[in-house]
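Next up: the structures, one after another.
In the two complexes below, chain A is the common chain; its partner is chain B in one and chain C in the other.
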Partner chain A sequence: MNTINKKLSLGQSLFSEEIRISYKGPVDGKIITFLADYIYVINELSEKATRKIFKIFFELAENISKYSADKIKLKDGKEVGSGTIILKETVKNFILVTGNPIKNNDLIPVMENSKNINNLGHDELREYKREVRKDNTVKKDSPNIGLIAVALTSGNPLDIEINPIDDETSYFSLAVKVDK
Partner chain B sequence: MENIYIEGSHTNFFVPTVEFNAETGVCVLSGESFLEDTIEFYDPLVQWLEEYTSEIKRPMTFEIKLTYFNTSTSRSILDLLNIMKEYEDDGGEIIVNWHYDEDDIDMEEDIEDYMLDTGLEINMIPFDEDEF
Partner chain C sequence: MQSQSLFTRMTGKNVLMSFTGPFDTEVLSIFGKNIENSISQNKKLNKTIFKVFIELAQNVSYYSLEKEMTKKGEKAGVGTFIIQDFNDHYYFILGNPIDERHEAILRDKCSRINAYDRDGLRAYKRELRKLPPGERGTGNIGLVQAALVSRNPLDYTFIEINDNQAFYIVAVKINKN
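Let's turn to the complex of A and B:
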């Protein structure tokens, strides 16, 4: 859990990085749109970085909302996924980090897809995105299409970490860098 | 055939503005698209376009002015563009204009990828965000 703690920590790493957004809790449409709008008012972000972080944020937040194994029932009866979202700024990059428990059954295809994504260059990724998007056997809201888009937008590899919680669930953490 | 008008909103989700006009053949999709149920939102648009291209068959201009759309929306956009390409292949007159921020390289690549996927010619029209 050490690396996760490092990725998600608020207190220990403030000397080398600044936390621009930190949220932990249910991730529904209201929270996603609120935080997405907030990204646009963060002064430190350049126009280019803002646009990229905005796009990446939506995909990662939606994945928590839909696939987190930690479900929270809201007053309107809807059940949404819960997790952690942090936007950090370092000297060279902005890093969007998300963390949530995930069912191991959902984890295997995500891991395989992420490994595949990280082995592809920019043009190959574009081609892969087009293939997956055209494939009608893939669900429209599949997390795999979202992760391809995240990697393309970021221009950096997906940094994934998995830590087993029990036989059925693991803690899934994903960090995505956007260059300044 | 009825027109479709949906006013975009920016509250719990981002709903794009839709203006599909059966009399003029001008269709506009603008704003941001991040929806609670993408299929439920876009299916009526797909059906409208199928009906227009099979029954009305007049010249069409399709204007896309989306500044953001998520990946589930991107599949529905592909569905719309595929119908337009079929219409063109069957002799229908259609112009597709896609307006995008000139600094948004990712959007520019997205449009290029749609052209490769569908074979449809899309006029890429960059704009300066400050003037949009």
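Let's turn to the complex of A and C:
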């Protein structure tokens, strides 16, 4: 959790105008729709920037829902991942920050993948996405493909941080910048 | 209330649920359901937290100084809620910006609520119910109800934003046993 605080400048007040949305809890379809509606309302941006934020938001929210090691059972009996989603606004950009515990088994491929993502240019990244998609050992709904899509959409490097919780789990946090 | 920054409180390890944004009817419905079903295995306890949430969240919706138009065209107050999990209790925190002129009124209400025993609180609630709607302002019945339901005093604090605005935080402890 400290890692999220660091990404948002620790100690800044919550009522600061910079934090536009902050949510922690189970991430199911209803919450995703609700937060997306709110993003739509607060976003007085160009259509292109709004589209980018939406795309990134959906990818990251879906990753929490599927891969968070912290699972919560909802009324309908469905188990969904729980995590944190924050949208921060600065003068030049929006920053989407997410955080959730993740099983170390799920984490290793993500780490390897993110190293690659941040070292590639836009065209190389597109090529890499195609390669990962073709790779039969990678599941079609793998978080890796989602992260490549996020990097491609934002046009900025992914700021990933991992803090071990115990032998099996780590806290995974990610910040993605979208230029206004 | 400890002086830990609200943001750290919001994302901390023991936070089960938190939200900052407009408190419209959808928030009350979605988060209300999630609170009722997923906070703990104890249904009665979840119900208590749900009741506190509804009472206090409505206050944010009506009285927060910051309003946001939702996609449905509903104008709702903006605020923050946090549910923290401790060994023997849950801690429900709620905050929103207020007009600085309301600080003294709210301070007085919270302090009166904390001074009453259960019978006194019930009598105070009846007294407040008799007030004409226009005078009810600042959400006093919700505060009384939260104290009654939780069976604990209210924790409250005010943080100055500027000369005209303050950030009002009210918190309620809900015992697990």
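Quick note on the criterion: the second predicted complex is superposed on the first by the 161 of 180 C-alpha atoms of A that agree within 3 Å, B and C clash if a C-alpha of one lies under 4 Å from a C-alpha of the other, contacts with A are read in each partner's own complex, and residues count from 1 in each chain.
Definition applied: a contact is a pair of C-beta atoms (placed from the backbone, for glycine too) under 8 Å apart; a residue touches a chain by one contact, two chains touch by 3 or more.
Nothing here was measured: the structure is a model prediction, and the numbers come from that model.
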item	value
Chain B versus chain C as contact partner of A:F54, first or second or both or neither	first
First, second, both or neither for A:R126, with chain B first and chain C second	first
Contacts of A:P26 with chain B and chain C, given as first, second, both or neither	second
Which superposed partner A:K180 touches (first chain B, second chain C, both, neither)	neither
Partner chain(s) touched by A:K66 [first = chain B, second = chain C, both, neither]	neither
Intersection of chain A interface sets (partners chain B, chain C)	30, 37
Residue numbers on chain B that touch chain A, as the complex places them	10-14, 34, 36, 38-39, 68, 70-72, 74-76, 78, 101, 103-104, 106, 109, 113, 116-117
Interfacial residue positions of chain A with respect to chain C in the complex	1, 4-5, 8, 10-15, 19, 21-26, 30-31, 34-35, 37-38, 40-42, 72-75, 84, 86, 99
Chain B-facing residues of chain A, complex	28-30, 32-33, 36-37, 47-48, 51-52, 54-55, 58-59, 62, 126, 129-130, 133-134, 140-141, 145-146, 148-149, 152-153
Chain C - residues contacting chain A, complex	5-8, 10-13, 15-22, 26-27, 30-31, 33-34, 36-38, 68-71, 80, 95, 97, 159, 161, 167
